[in-house]
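The next part holds the structures, each set out as C-alpha cells.
Shared between the two complexes below is chain A, which has chain B as its partner in the first and chain C in the second.
And now, the complex of A and B:
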C-alpha cells in the first residue's frame, strides 16, 4: 500500500502522463478518505495523544511518582486555592449538616460499600502506606473510614510530614494527597491497555472462529454456530460476571481474559459472513488452482480482503472494553486495588463527593469521556473511510 | 404457526444444553473446589470433606452434571451457599423489584427514543439533527457510574427531591418514591444508544418509494411518519427491544446496587462477591432461557407487524 502511494506521483513526475496502470489500493484510498475527514483526523489525534500518554507512563517517563503523597490530604485544585487551616475546604459544609437527607445518606450508604471499602483498607497500606490519617480507626464500620478522614483532614497538618506537602495541587489531590493528574495518567495506562488488549483477544478469537466456520462450512460451521448461539443466549454482562466469579485471582491479565473470552461473538458473526461471501470468489478458486493450502487461502488470500472489517471491530470493541473495565474495576472485580485505574478512581471519588471533593471524579470522568468520544468518532470515520458504501446509510 | 413454535422450541434444546455445559464447565471445573471457598480459612480436612459430600462435589463429573440438569428441570437449585435461602425463593422475591424499575424504564425509553428518532430523522442533516447526535455521542462516552454517582448526589443528597436509596413494601410507594430516580438515570443512559440506533432504522425507511407515494397521495406528514414509516421501521426496533430485555435484568445491576433495590442484578453482584455459585448458576440458566424465549417472541411479533414475513 505504501509503495503504490509512493509510486503514483513519481511516475507522473515531470510529464503530463497520468499512470493508469497503478490504481491506488484499498488502504491508500481509505487513508485519503480518512485524511479528508476533519472530525476523523482530530479524533485520531486525540486517541494518538492518549496512546502516547499511556506509552510514556508505562515507560516510566511521566506520572512515575503518582503514588507519592505530594499534597495534603484532599488537597484542593490550585485554581480554587488552599483552604486555610486545613486541606479540606468543603468538609465543614458536609460534616456538621444535621439535616434529614444527610443522615439518611450516611446511614444507608454504609451497606453497599462496606466490602469495597474494606478491600481498599486492606490493600491500600501495602501499596502506599498512608501517613497516620488513612490507617487509624480500622473498624468494620465503613463509615469510620469516612469519619476518620474528616478528622484526619483537620488534624493532619500537625501529625504527619505534612510540612513538606503542598496545600494545593494543579488539579487537586486524593484522600492521601496524591496528585490527581498523575493518578489519571497512571489510570489511563491500565484502562487503555486493558481495553485494547482484550479487544485484540476478542477480535483474534472471533476472526479465527469466523474464518474457520465460514470457510469450511458443513458440520464445522454448525458446530461453531452452536457455540455462538450458546454464548449469545447468555446476556453479555452476566457472562462477564459469571467468569469473574469463577476466576478468583484479580489482575490485569485476568480481566483481559474475561473480556476477551466473552466478547468474540459479534466479530465471529461478521467475519463468518465475509468468509462465506469470499470463498466462492474467483481469486480464491485461482489460489486453489495454484495449489495454495486451505490455511494459506484463508489467511493469506481472503484475510486481507476482510481485514477492514476486523479493524473496525477492533476499534468498536476497544471502546466498549474500556468502559467495561471501568465498571468492573469499580465493583472490585477488575484490576487489584493497588493498581490505579479510572474505575478505581471513580470508586474513591464516590465517597469523596459526599465530602465535597469533586476533583477526582471530574478528572477521571473527563479523561475517560474525552478518550471514548474521540475513539467512537474515529471508529465512525474509519468505517466510513474503509467502507464508503455505508456512508449514505449512517451519515446525514 | 403452532408447528413453527414447536420447531423453534425444539431447536432451543441443543443451545440450552450448550448453556448448561458452559455453566457447568465454568463453575464445577474452572471454579475449582467450592468446599475451600465455603469452609473459609479456618477449616480442617474433615469439615472440607463434609462440605464436599453435602454439595455432591465428591462425585465424578458426570454425576455432578446429571445433578445439575435435574436441578434445572425441577427448578430446585437447593439453597444459597452464603445465606441458606432457597434459590427459588431468591429469584421469585428479587424479580418484582427489578421489574418495578425495568418495565416503566423500557416503556419510557421506547416512547421517548422512538419519538425523538422520528423527529430527528425527519430533519436529517440539519443543525438540530447534528447537535442531537453529538450530544448522544458525548453522553454515551460518560460511564454510567458517573451518571449514577452525580445524579444520586445532586438530586437525592443535595436537593433532596428523591430518597437517596431504599425500598419499601408497597408497590406504589416503590414505584413512585424509590424508583423515580433510578428510572430517570436509566433513561439518561439508555436513550442515547437507542436514539442513535432507531434513527438509522428510520433513515433506512424514510427515502423509500412508498414514502414518496404516500406524500403524492396527499397524506399529512404526521401520518406518513407515525403510520407508514414507523410501522416499517418497527421490525428492527422490536428485535432490538426484545433482544435487550433479558440482558437489562442484569444490566440494571449498578442502579440496583447504588439504590439498594433488592433486585436480580444486585443479587448477582452479591453472589459474585460471596462466590455464591448456585445463585449465579441458577440465574444464568434462567436468564438464558428467557433470552431464547424472547427471541422467539420477537420473531412472532414480526409476523404481527409485517404480514409479508414468512415464518419458516
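And now, the complex of A and C:
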C-alpha cells in the first residue's frame, strides 16, 4: 500500500502525471474474472457471433436475398439429395449442382448465399429452365395458387419464373423454395432484436420504478407496490393478449412494447429491494450530508452499486424474451406473417411437419437453442464475475 | 469437577509451537496470516492475546479450535498445538468436534449473530447439554436454569423461554457464556467478547469471566485489541503484530516494563484519563525510535469569551412506532437537548447505546427531521429553514460517520469522492482548480497523491477515515460532527486520527461535536463534555470538572466502568 513517493510528478504544464497503474474499477475487475472463465468466454463468443450475424443481416450484407425463391418448393437439404418422390425436380436433372460436399456448406454459414448466388448467376445464362418446371411443381403443391399470389405480391424480390430453381438447398428450402439458412439468419434479426429491445424496455421500467419506490418509500412505495401487485395478479399470457388487443396492430414495435410493458415486474422487485438496502447505507447519508440531491443520490451514488444486478437482469430477460417472441409468433400473436422470425418459422413448420419437411423446424430450433443456451451460460458467468462477494479479497 | 491428571504442575494446558497459517487468496497468491507463533496457556490462568486488526490473533484462536475454513486455509504440518499432550493440528474432524464444547469452547464478539434467533435461549442451552453430556430434556432444562443464574440473568426460570431478540446485548453475551461453560471446558476462548458492548456492560462481563475462571478452575484465552481491557484480568499477555509474537510474559512484566517498542506504543497510544499530552503518541514514534513528541499537557476547557457557532435549544426527536391498527406510540430518542458549540472548541457527547447521542448528531445535520427545538447558526434556526436555504449551511456543518468502510461509495475513486462536494456547492472555478484542492487536502490528511486514482477498498480503516475527513474539509466547514468517528479503528490508528482532528482544529478553528461511547477518548479530545442517557442530558460541564467531580450518579457509574488498565487497577488493589 505504501507508495514510495507521496507526491506525484508533474508534467511540463504543471498538471500531475497520472500514474500508469491506476486502480482497476469494478468493470475492469469483472472483465478480468470473466476472461478467466472458459465457459463464459465461449458462450460470449457464440452470443457475439449471433449478434454479428444479426447486425450484418440488418445492414443487408448477408441474407439480403432471403426471400428469393432459389430452390424448388420444399427443396430438401443437399446432404439428403433431391427429393425423388415429389416428382421431377424443377431444375434439369442433367445439371446436378456441385453444392453437395459437406465441407462446403459448413463454410456457407458465414455467408450461405454467396455460393448459391454465384452459382445462380453462373447458371442463369447456361440453363434457363422452362416455366413448365414451375407448373409441374404446382400440380403437386396444393397451395400453388396462394403461392403464386404471394409471389406476385412480392414482385420486387420474387424470382422471375425464368430463373433457375435448384432441386436441393444447403439446408433445404421452405414452402416457397426460400433457403432455410438465409431465412434463419433473417429471422435472427427479428428474434434477437425483439428479445434485446424488450429486455431493455422492461429493465429500464423496472429499474426506474424500483429505484423510485425503494428510495422514497412511504406512500410512493405503497402506490408502486399496489400497481405491481395488480399487475402481477393477472395471468401473464392474458396480460400479453390484453396489451396486444389494445395496441391493435401487429409488428415488431408492438411486440417489444408488449414484452417490455409486461416484463418489468421481476426487475422492479429486485431493484426496489436493492434501493431499500442501499438508501440506509452510510455512504448515501454521507452524500446527503454533502448536499447531493435526491436524483443524484439515486442515480449517481446508488445506481453504480446496483448496476451489476441490472446487467444480470438484462441478460436473463433477453434470454426469456427471445423465447417469448418465438412462442408468441408461434401462437400467432407475434410479428406479422410477412416478417420472418424464428417464431414464424416454427409456426410454418407445424404444417410442414405433416408433409415430413422437418428442416425449417430444425434450423430455427437449433439456432434458437444455441443462442439461448449460450446466452444463459454467459449470464451465469457474468453474474459470477460481477458478484461483489468475490470482490471482498482485500489487496495485501 | 474432574481433576486434571494429565497436566502435572508446570505443564501447560495448551502449548502452541511454531504455528504457521496461510490463506490462499485466489490465483497463486498466498497470505501468511500467522508466521511461527509459540506460546503457552498454563492451567487455571488467563492469557490475553493482544493485537490490532491483521495481527493474526483471531486466526490463532480459530486454529486451536480447528475452525479455520478448510477450503482456503493451510496450517503448516510442522506446527503443533498440544492440548493435554495431544496434538490438535491435523486431528480428524470427528475428534475435533468432540473436543469443542466439551474441552474447549468459545465465545464470540457478536452475541446477536452467534445465537440462533428462532430458538429460545433455553432450547439452545439444553441442546449443548444434551449433545455433549447426554442429559435428558428435564435434566438439561434444570441445568440450563442453573447456568443462566450463574451468569447473572435475572429471573432465570422465566427468562429461559425468552428468544435472543428479547434480551439486551449484554444478556445475550451472558447466555453465550453460559453455553460456553455448560460442559465445564478446560479452556474458554473469548474472542473480543466485550467489544460490541457498552462500557458499563463490558465491565460486568469482564468481572463475570474472571469470576467464572476462578470458580471453575478453567483457563481463558482472551483475545482483544485493547490492552486496557485485559489489564484487570490477564495473568499472561501475548502481544502480536502482523502474524508474529512481539512480546510475551507475565502481565506485570508486560505492563510495567515492556521491552518491545510495539508494546510500548500500544500501551501509550490510548488516551489516559489522568493526563492529556498535546499530541497522542503513535506507533511510529516508538518504532522509529524517536519516542513520543509534544508530551506537554494541553489546556482544555471553555472560556466565556469563546464565540458561539451553534446554539442548540430544546432539541427533540421522536420516532413513532405503529401499534395496533390505528394507534401509534411515541418514542423519544432525544428530548430537550440544549448546548452551545464554540469556535475552536470541542464538545464531547458521551452515552451508552440507545442514549440518543447519534440522533442528536444526525438531527443537527437534518439527516433526521427534528420534532422540537431550535439550532441557531448565526442567529438563524437551521432546523426550520427550507431545504433550499439549508444548502448554504450544509457546507458549514459537516459530519464524519462511524464506519469508514460504509461511508465511502465503493464505486467512486477517492478523487471522485473528494471532488463531488465541491462540484455540488460550486467551490473552485473549474475541474483543474478542484483537483488541485483535492491534492492539497490529501496532503493535509496524510495520504499519498496516488490515492486520488484508487478505490476505497484499497485502503485500511484509518486511511478511509482520513478520506472521510478530507471530504468534509473540501467544504471548509465551521462545525464538524464526529459520530463515533474513531470507534471502529485500531488503538494505534485511533491515536493518529485523533491527532489529525486536533491539528485540523488548531489550524482551521473548527468547532467539534465529538460523539463517542469511549470516555477516555472523549476526555482527551473535549473541552466540554455532555453526558446523555435515555434521550436526555444528564450532565454538561468542563471536561476536567466532569471527570474529577461528577455530580450525577449516572455519570459516576459510567466513569467507574472505564477500564483502568494495569496501573490504576493494580494500584487500587
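Heads up, the rule we're going with is that the second predicted complex is superposed on the first by the 284 of 396 C-alpha atoms of A that agree within 3 Å, B and C clash if a C-alpha of one lies under 4 Å from a C-alpha of the other, contacts with A are read in each partner's own complex, and residues count from 1 in each chain.
Throughout what follows, contacts are C-beta pairs under 8 Å (C-beta built on N, C-alpha and C of every residue); 3 or more make two chains touch, one makes a residue touch a chain.
Just so it is clear, the structure is predicted and the values come from calculations on it, not from any experiment.
**Student:** Residues of chain A touched by chain B versus by chain C: which partner has the larger set?
**Tutor:** Partner touching more chain A residues in the overlay: B.
**Student:** First (chain B), second (chain C), both or neither: which does A:288 touch?
**Tutor:** A:288 contacts chain C only, not chain B.
**Student:** Per the contact definition in the header, classify A:25: touching chain B only (first), chain C only (second), both, or neither.
**Tutor:** It touches chain C, and chain B stays clear.
**Student:** So, does A:216 touch the first partner chain B, the second partner chain C, both, or neither?
**Tutor:** neither
**Student:** Have a look at where A:305 lands relative to chain B and chain C in the superposition and call it first, second, both or neither.
**Tutor:** After superposing on A, A:305 lies in contact with chain C but is clear of chain B.
**Student:** Should A:244 be classified as contacting the first partner (chain B), the second (chain C), both, or neither?
**Tutor:** The first partner, chain B, only.
**Student:** Look at A:368 in the shared chain and tell me whether it touches chain B only, chain C only, both, or neither; answer first, second, both or neither.
**Tutor:** first
**Student:** Should A:377 be classified as contacting the first partner (chain B), the second (chain C), both, or neither?
**Tutor:** first
**Student:** For chain A, give the residues common to its interface with chain B and its interface with chain C.
**Tutor:** 393-394, 396
**Student:** Note which residues of chain A are touching chain B in the complex, please.
**Tutor:** Interface residues on chain A, with respect to chain B: 100-102, 104-105, 108-109, 111-112, 115, 226-227, 229-231, 233-239, 241-248, 319, 323, 326-327, 330-333, 342-343, 346, 349-350, 353-354, 361, 365, 368-373, 376-377, 393-394, 396.
**Student:** Given the complex with chain A, which residues does chain B contribute to the contact?
**Tutor:** 14-16, 18-19, 22-23, 26-27, 30-32, 124-125, 129, 137-138, 140-146, 149-150, 153, 156-157, 160, 163-166, 200, 203-204, 246-247, 249-251, 253-254, 257-258, 260, 268-269, 271-273, 275, 277, 280, 283-284, 287-288, 291-292
**Student:** Hey, which residues of chain A end up touching chain C in the complex?
**Tutor:** Residues in contact with chain C: 1-3, 5-8, 15-16, 18-19, 22-23, 25-26, 281-283, 285-292, 296, 301, 304-305, 391, 393-396.
**Student:** What residues of chain C sit close enough to touch chain A in their complex?
**Tutor:** Touching chain A from chain C are residues 25-26, 31, 362, 365, 367, 391, 394-395, 398-399, 401-403, 406-413, 420-421, 424-425, 432, 435, 439, 443, 448-450, 453-455, 457-460, 463, 468, 471, 475.
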